[in-house]
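Quick one: the structure is below, and I'll ask about it shortly.
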Amino acid sequence: RQLHYSALMLFMSVSMRSMASKTPVGFVGLGNMGSPMAKNLLKNGYPVIATDVFPESCKELQETGAQVVDSPAEVAEKADRIITMLPSSPNVKEVYTGPNGILKKVKKGTLLIDSSTIDPAVSKEMAIAAEKMGAVFMDAPVSGGVGAANMAKLTFMVGGVEEEYHAAQELLTCMGANVVYCGQVGTGQAAKICNNMLLAIGMIGTAETMNLGIRLGLDPKLLAKILNMSSGRCWSSDTYNPVPGVMEGVPSANNYQGGFGTTLMAKDLGLAQTTATNTKTPIPLGSLAHQIFRVMCSRGYANKDFSSVFQFLREEEGQ
Amino acid sequence: RQLHYSALMLFMSVSMRSMASKTPVGFVGLGNMGSPMAKNLLKNGYPVIATDVFPESCKELQETGAQVVDSPAEVAEKADRIITMLPSSPNVKEVYTGPNGILKKVKKGTLLIDSSTIDPAVSKEMAIAAEKMGAVFMDAPVSGGVGAANMAKLTFMVGGVEEEYHAAQELLTCMGANVVYCGQVGTGQAAKICNNMLLAIGMIGTAETMNLGIRLGLDPKLLAKILNMSSGRCWSSDTYNPVPGVMEGVPSANNYQGGFGTTLMAKDLGLAQTTATNTKTPIPLGSLAHQIFRVMCSRGYANKDFSSVFQFLREEEGQ
Amino acid sequence: RQLHYSALMLFMSVSMRSMASKTPVGFVGLGNMGSPMAKNLLKNGYPVIATDVFPESCKELQETGAQVVDSPAEVAEKADRIITMLPSSPNVKEVYTGPNGILKKVKKGTLLIDSSTIDPAVSKEMAIAAEKMGAVFMDAPVSGGVGAANMAKLTFMVGGVEEEYHAAQELLTCMGANVVYCGQVGTGQAAKICNNMLLAIGMIGTAETMNLGIRLGLDPKLLAKILNMSSGRCWSSDTYNPVPGVMEGVPSANNYQGGFGTTLMAKDLGLAQTTATNTKTPIPLGSLAHQIFRVMCSRGYANKDFSSVFQFLREEEGQ
Amino acid sequence: RQLHYSALMLFMSVSMRSMASKTPVGFVGLGNMGSPMAKNLLKNGYPVIATDVFPESCKELQETGAQVVDSPAEVAEKADRIITMLPSSPNVKEVYTGPNGILKKVKKGTLLIDSSTIDPAVSKEMAIAAEKMGAVFMDAPVSGGVGAANMAKLTFMVGGVEEEYHAAQELLTCMGANVVYCGQVGTGQAAKICNNMLLAIGMIGTAETMNLGIRLGLDPKLLAKILNMSSGRCWSSDTYNPVPGVMEGVPSANNYQGGFGTTLMAKDLGLAQTTATNTKTPIPLGSLAHQIFRVMCSRGYANKDFSSVFQFLREEEGQ
């Protein structure tokens, strides 16, 4: 479906939005990621009007200076720029289109930025629903974990109408180091899903390759060096090597603690799988990578960094 | 099995080898790769004593100044440094241990360098057989194609006793730009097989990912740029992108002509598969990559560059 | 979510439904499958009140004696037993919960039977929505194609409250040879999806195995015979062998015409994939089977019987 | 390579072999399978002349009445019908062509039957080597485990020249219930490898399918029943169901004890992989099945029955 809102009407709506940069920003979703993101807005001088289903999360942010309200609808009454950061597609649907959702009370011209990682088809649905209310919806999922969120070093991949990109960028740069415009609504999600799928494939591939090389008598550091100067080079081999002893400062050097959990990677691959199924796109390696991380979740690796696939694949027979 | 040859005896044998650098070098296997390699030795002032099963190949090299003889055994009689460049394991076995093979006439202390890409287990067998005759066998497979062979820009990955590495290096640098010592006999093959397996996985992964992103509405150049600044980055995304229009000077910009043929990649993945099976190493993605390139060979992609997997996976239903 | 409708209220609703067996039956969806199914109800003496988005389909059924109305809502006004047969989940949602949908006008106690093959999660949603209106929803997907639909030889896999199963069975036996009760709502879909996933795996497995055996020198008929008396036996090897010349009366004997199209199998595997992703169930082979049929759809096999995977995998290099 | 031995010469050699049925039979390889097989020959009145590398195995058979000698060569001096039952290809090469191997002393016209499960390419090599000595080599791998060996209930799949099949059959029927002629040398191995590959695919497919169905709310017994009356039916679903509680008398009913160990299945899939690689045959599911059983061997399932793949795939997140 095309978005029908004409450029003119959009311009008019936008002109109704408060242009002064330090008017309040709404924030829905104060979890591990959302909470530090909201704090970074506060640090940058933006008043924040926030809500979350967990009262403790609200209370913590309140103590940092945010105004807490009872529902996404109430946030929408009080702010014309709103950021949402939620765990999954159903939460996003609820927060936007549920009985106390943002769209129940949203003001014309409001800018809605969703930083959740969800199915791009849901982003498009939300954009259409928002447009009907005269608001503008953009998807802006992040890469980078809790650490990057704390230090305002996230990368945002942004999809939505280009005219609104600069308005979104103003807020996102308070919370991240890189903001990339990807195209129409949903392409932010698409970019994130694509990157993580290729990352997953590269990581399992690196783990298999390092394991095979070691068994064939190669020293792991030397093998990594050879790969990294050759056509096998990838981020997983040269920046985040999964073999203990090859690099320092990566999860493989710390018993696969920290980093990006296998269960989160499995979730993102589930999104890749679903979008691929819906668009009839074959992803043989992406699909198998999904299955491998899914099995790992069942075998005790759910909360280890996803580079622990090296450990999963290598244990010796009889041990 | 350990190689039992003592360092002392090795030293003595080696001292019997002619040390003057411009004594003749033997060369067996004058195909698309071997022929330009031998010519580069001639260019560097080495007399070359060569043989091949195809008389035309011999004749062509003879016209460039090489001495042609009738069999590998005869090469071994006349040269104490011999390079072999052959299509597959059975050819290597025949050339070394067959009735007219090198080992029938090899002189003590001869340095044997095999640049074929074969099963490392066969390299080890040859090394043991050579050692029994008092000769030294090293594996030194190459990366880089016919163009790199012509321009002496190959990369050699070398396995074998470290004491001999410098002697090998002297010759290999005439034919290549990089020479890497990998460890004991067979590790040159191991390094090459490992690199190409990870390359194959990265290429298919990149093709799937780019295809999925395009279907989700992303511009391919923009998607490549995002991947290359993120954790999805790999050689296939940043140096050899398989999507037409993303990069210049790569096979995808030229209808997948030139480059590294699918059938050659399938062969290398067959070696990866066999070594993994023999060492009981799980390689789920490597194995699936092997199958995909194998199917492509049956579907008309055998002689296209292996990055044509993008084309193989993307064609639309009904077209 | 549990279905909260109490057994008592259910009983009361049901008693309001006309018990005389030859009162009208509603039918929504008169495609290749729905049309012969509706005709079989007519043949069994049931008045049929039908609708479809395509006027020609309606007209054809009208000529066979059905009453045609304008919308699913109107069908619901006039019949208290309704069967739906639709292509996919979004159509089912529209027909039940859309602005002119069944649930807009459904009478209390109406029995709703959906024979579409869709995501069981959507079946559950529809059941909950129906329950709110005092109606009963059952899923009853079929196996068997157009031929079986014509001859009333379909198999129905039925999910829903057990008390209603006999009422459903009365109608389904007019259209099918086997009716199997599977459990709560959605389990009919689950059973169909599971069967087709295992079928897909068995078919590709049989194709690979027969191809490998033939290349190793085995006569295909003899190999099929050996498999069928051994532990490799499966429906694809003993009833629907994919190798031309092994059996008569199957699509492989007729250039893969007829039978069950690759594109339909890819659709069902897409459902399997989605339910597996949503329930975090690893299905490595099912997932790869999905990808293989998806690639086949892109390579010209979309409308051939799915056993043509034998042909897809076997063509020789260079042909 | 064709076998060049002419029918006439073959007839002459064969006529030199002792035709009286109760002349001695040689037996090499007295392991878990070979020992009961040799005993069954003794029970049927055949004098047995045996050898093995393990003295205890020899001693045990000696006590049952066999004559034990020191080497395969010595067996060949004393018997003109010899059966071999060995763990893998290298053992077969050693026993036939090694320094004390059968072919060092084999008499013209001797019938050599190898019941090991090995690469069919090695069977062909042995046949050519045997033919040079005027002997006849057949491959006759078995299906059925130690129990079937004890009860003379094995199935033999036999490859080799058809004229010799009846002579082989005479002996094999003492040890097995079914003897199937498969064609030229190597086809016995091919048939066994093919059957076990399809079995492996069917088993993993059944495990995935049952697991998915259970998670979707189906009762496992009911699901098995539905599959078994539908197109998903296979030996693993109807005879050897991997889900505890569905069937009695199978390994899944006994904590996956007994049956056919995962490590043995992984070995057979390794042979399938190698023959497929060598014949350039794509086996995507067979290859993935190989990888899955290989990973299971590393994760503690090596000695459980291969149907334990159900358990491997199903364990819940967080358990």
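Order as written gives the chain letters A, B, C and D; numbering starts at 1 within each chain.
Rule of thumb we're sticking to: a contact is a pair of C-beta atoms (placed from the backbone, for glycine too) under 8 Å apart; a residue touches a chain by one contact, two chains touch by 3 or more.
Keep in mind that what you see is a predicted model, and the values were worked out from it rather than measured.
When the interfaces A-D and A-B are ranked by how many C-beta pairs touch across them, A-B comes first. Taking each chain's centre as the mean of its C-alpha atoms, subunit A lies 52 Å from subunit D. The distance from the centre of subunit A to the centre of subunit B, with each centre set as the mean of the Cα atoms, comes to 42 Å. Shown for subunit D are the residues that touch two or more other chains, namely 280-284, 288, 292, 295, 297-298, 313, 317. Chain contacts here are complete: no pair of chains fails to touch. Interface residues of subunit D facing subunit C in the complex, by the touch rule stated above, are 120, 143, 155, 157, 178, 180, 182-184, 186-187, 189-191, 193-199, 201-202, 204-206, 208-213, 215-219, 222-223, 226-227, 229-237, 239-240, 272, 275-276, 279-286, 288-289, 292, 313, 317. Within the complex formed with subunit C, the subunit B residues making contact are 263, 288, 295, 297-299, 302, 312-319.
Those residues of subunit B that touch subunit D in the complex are listed here as 266, 270, 273-274, 277-278, 280-284, 287-288, 290-292, 294-295, 297-298.
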